[in-house]
Amino acid sequence: MTDTGIYNEMHQNGGISAAYRNLDQWLDTMPADLRSLKQSEAEALFRRVGITFAVYGEGGDPERLIPFDMFPRVFTDREWRKLDRGIRQRAAALNAFLADVYGRREIIRAGRIPEHLVTRNEAFEKTAVGFRPPRDVYSHIVGIDLVRTGPDQFYVLEDNCRTPSGVSYMLQNREIMMRMFPQLFVENRIAPVDGYARLLKKTLASVAPEKCEGEPQIAILTPGQFNSAYYEHSFLADLMGVDLVEGQDLFVEGDFVWEKTTEGPRKVDVIYRRIDDAFLDPLCFRPDSMLGVPGLMSVYRSGGVNICSCPGAGVADDKAIYTYVPDMIRFYLGEEPILDNVPTWQCAKEDDCKYVLDNLADLVVKEVHGSGGYGMLVGPKSDKSTIEAFAAKIRENPGNYIAQPTLALSACPTFVEEGIAPRHVDLRPYCLVGEKIELVPGGLTRVALTEGSLVVNSSQGGGVKDTWVLAE
Amino acid sequence: MKLSIRHTSRYVFDAPVRGVVQNQRLFPALCGSQRVLQWSVNTPGATKGACFRDSAGDWVETVSIRGPVKTVEVQVTGEVETTDTAGVLRDHAEQVVPSVYLRSTRQTAADAALQALTHEALEPAGTQPLARAHALAGAVAEAIAYKPGETEAHTTAAEALSGGIGVCQDHAHALIACAHVADIPARYVTGYLQADADGQVHEASHAWAELFVEDLGWVGFDPANQCCPDERYVRLGSGYDAQDAAPIRGLVQGGTPAEHLEVEVTVSRHQQQQQ
Amino acid sequence: MLSRHADHLFWMTRYIERAETTARLLEVGARNALLPDISGGFRNDWDAVLQASGSVDAFLQKYGDVVQRNVETHLFFDQDNPSSVMSCLSAARENARVVRTALTASVWDAINTSYQELRQFQRTERSKFQLTDLTEWTRRTAYLVRGAITGTQLRDDGYHFMGLGASIERADNTARLIDVKYYVLLPSVSYVGSGLDQSQWATLLRSMSALGAYNWTYSGDITASKIADLLILNRKFPRSLVTSVEQSCEHLDSLARGYGSSTDAQAAARGLYAELADAQVQDIFEEGLHDFLGRMQSLNADMAQKVQAAYLQGLPA
């Protein structure tokens, strides 16, 4: 800890932490001109392979690059082992919760979670009730957003059970670092992450529906090339060697879903969808959806295809449900949570709401269903009028908001204009749930490039870093 | 009562389309008030696809037709033996808990007028749950006069109330909206209704609402006919609103031609053969 | 492979080919504009070029005056004109972007880099360019993309759909280019055989990179029948109609072999090829060159339609 109360992951009390020891020397070998040369080399590489990021509703260049910071984020093996266990535990509990709320509803009947939080939740899907997906897995790719506030203190900021994005950056950041700084990888024993695509394919294959015989045919369902994450969709399809399909490439006939191919219809067994529930099937959900496949839900419900994540999985990653995840872990797994939740006030509760309104200047307030860092208030960074305007919104619809203390997010050395400076970071590892629960050692580190900023979202000026886990 | 049903829906497109996919909820519900003696749903030219019983107990069949096709016809015929349960849905297997049906949709969202209607109706009704439900059904029947041809498939409950006229769909939507205001789970139900000789009954292909009444369970209310479903009613399926519960929900592929729908429904009392 | 992906690959190469043809048309126009008119002064051959590109009306509406500068803008930069080089290369890149993962890095690079260069041209002062800079750049781009495809793409079905797009478009374009010269450029039959006629033919040959081939293959005056023989019937010439159709046949045969079954498209291609393989120059002129070319174009289009139905829609009847 420094006197600002912010945990610097590399430098503490004049010393350098174990994880970053070798990187100190590396910095010495990097004069400013070499650094800027490497930085533009990295950018050219990103541009070349076409990794771009479209920002929702902001106009401008739809193919802009997400800023890449060359200074890696590092975890020791010991640090990672705890995260690894904690993430698996959480992913298991979230899936047990989904199987339960769409099945026997034991956690509700036991009075541990209020029924209305589940059944009146927007993400709760009536059509999923009573249906058991293969292996009882609902969320096959769980993205857990973590922040660090001290040497041993990590908090889970939120869970993503639908279709967490960003894993392509985790993979590409590593590729680019290996290409630009091979020596670093010789000097440090860095656990590889490139097994992710193989694991993902294995996970998806392991949840093929009952009616599938032989090797399951897998496809990634994308909203199309104008989606901000299209690059990621095509990247993953390519790495896994599976088809990247749009709704128009699929049709339902008889008991199955088929792809339109140059050799005629080909049956699809597992669909890794990157579109929202509401768009999956115009005969079941939004009738105006052009992105989905009419009849898809019927085939799913009758066991002809599996959809990953399952429709309705979003009910587990809602911010109102988030507060109950530690309880879920105790209830379903009989274990104590390994990773902590951030203390959270629910404005739906009268006492909590009063506290939040009295302390807005010190809190971060989020919309229950929001994402991407939009529609939130960062109290300490906001002026009085912004805070007052936000207070009015909370009073109008308290159930729509939760609040958390502003955490002193850890900082990691980052290349900036003037040289090297600490910038706040978070971490999103990707946990795969199928026959087994697995995750590769690493994740996506997002960094707030603006000095003092806590907003790491790439849609709001955040960047990314390669994330290392040092092998023993 | 033995009821004979013939129900034909003919979709005619003004230009051939590449294909049609339909979800059909055209099978009588398995419940205490009705027993299916014979039933068939036929869609000439269609490939019958995935079938399943959904979470709310409805039997759903998905059929697809490969074009080019200009006409799609769905033919339903059958016989059902019904008994009067005073509107109470008995012995119906479903897995969705009632609180799920507190959710409103675009068509069942309550505006200020629907809220006012609810509060006015409930004030004299007391606390007895069944009486409250009846009060709401009565208020809706009174506030929206039956008049066909004035409202559309997409008309909302609020629009129907402000216009003061509507058909069974509008009545059902309005009742669901009011029930939600009163924190009563409510849903949209589709089915058939046998027309009386006196011509009092409207719309053989019918819709009404079910409200969840404590101690009784789901109870049907038909504001359009100011009664609870009895032995003249055959229940098909349910949903949040007309779209969600639709007996036939289809999608045309390849073009957006004008579509013309012809529906013929007859529901008649079965004639006993005299020896 | 997915039908939609095959469709994107097919159109990607068609658009590259089309961009090249537009550039070649511009070359024909510019060169012919330098030739003296029979009636004195210089002829304005830009009309003919616009007619060949099928965009006379659109041009007149937007620009009015048929002068080189306007035609250049229209055929090179104008995104309202669907067959401008800019439109074609943008469309090629859009198609490529969707099927990024079906392309090798070299092919994507070739298309993407060219597109970025083109956008750079757009932002550059026009007086810095000669028309030939632009047309030569376009040809080089097409060679680059074609080379990258030939040199790096796996010989799978995707490769054959790319090849098919190129060969079908090229057959169409070759027929179109000959037709410009023969039907559109010459004002009346009395000019046939004149000095102007000779120069125009030479320009056509040059625009199809065929002048050298002509000189090596034939001797004496440039005549319509020798030209027709080279550009339509000569199997050694890479842009000839017969060679283009033969390539379509080869790609379709490879697809049929790979998929283990043949379709209407193979039959159509073989029929067209058989007719071209048997044809004699005299027969062509007897039918009338213009009519013959029109018929070939429509047979070629019919084959393309069958390719579309058999492979690219995904639901064979």
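Order of writing sets the chain letters: A, B and C. Residues in each chain are counted from 1.
We take it that contacts are C-beta pairs under 8 Å (C-beta built on N, C-alpha and C of every residue); 3 or more make two chains touch, one makes a residue touch a chain.
All values reported here derive from a predicted model rather than from experimental measurement.
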Legend entry - Per-chain Cα centre nearest the global Cα centre, belonging to chain: A
Legend entry - Remotest chain, subunit A as reference, centres from CA atoms: C
Inset, instruction - Provide the C-alpha centroid distance between subunit A and subunit C, rounded to the nearest whole angstrom. - result: 48
Legend entry - Whole-Å gap between the CA centroids of subunit B and subunit C: 60
Legend entry - Between subunit A and subunit B, centroid-to-centroid distance (C-alpha), Å: 41
Legend entry - In subunit A, residues with contacts to at least two other chains: 251
Legend entry - Contacts with two or more other chains, residues of subunit C listed in rising order: 315
Legend entry - Multi-chain contact sites of subunit B, meaning residues that touch two or more partners: 66
Inset, instruction - Would you pull the subunit B residues touching subunit A in the complex into a rising list? - result: 19, 21-23, 47-52, 54-56, 60-62, 64, 66, 95-97, 99-100, 102-103, 240, 243, 249-251, 253
Legend entry - Footprint of subunit B on subunit A - complex, ascending: 105, 115-116, 119-120, 124, 126-131, 251-255, 282-284, 287, 294-295, 298-299, 301-302, 304
Legend entry - Complex interface listing, subunit A residues touching subunit C: 48-50, 225, 234-235, 237-238, 243-246, 248-249, 251, 259-265
Inset, instruction - Quick one: which bits of subunit C touch subunit A in the complex? Just the residue numbers, please. - result: 1-4, 6, 97-98, 100-101, 105, 108-109, 112, 157, 161, 255, 259, 311-316
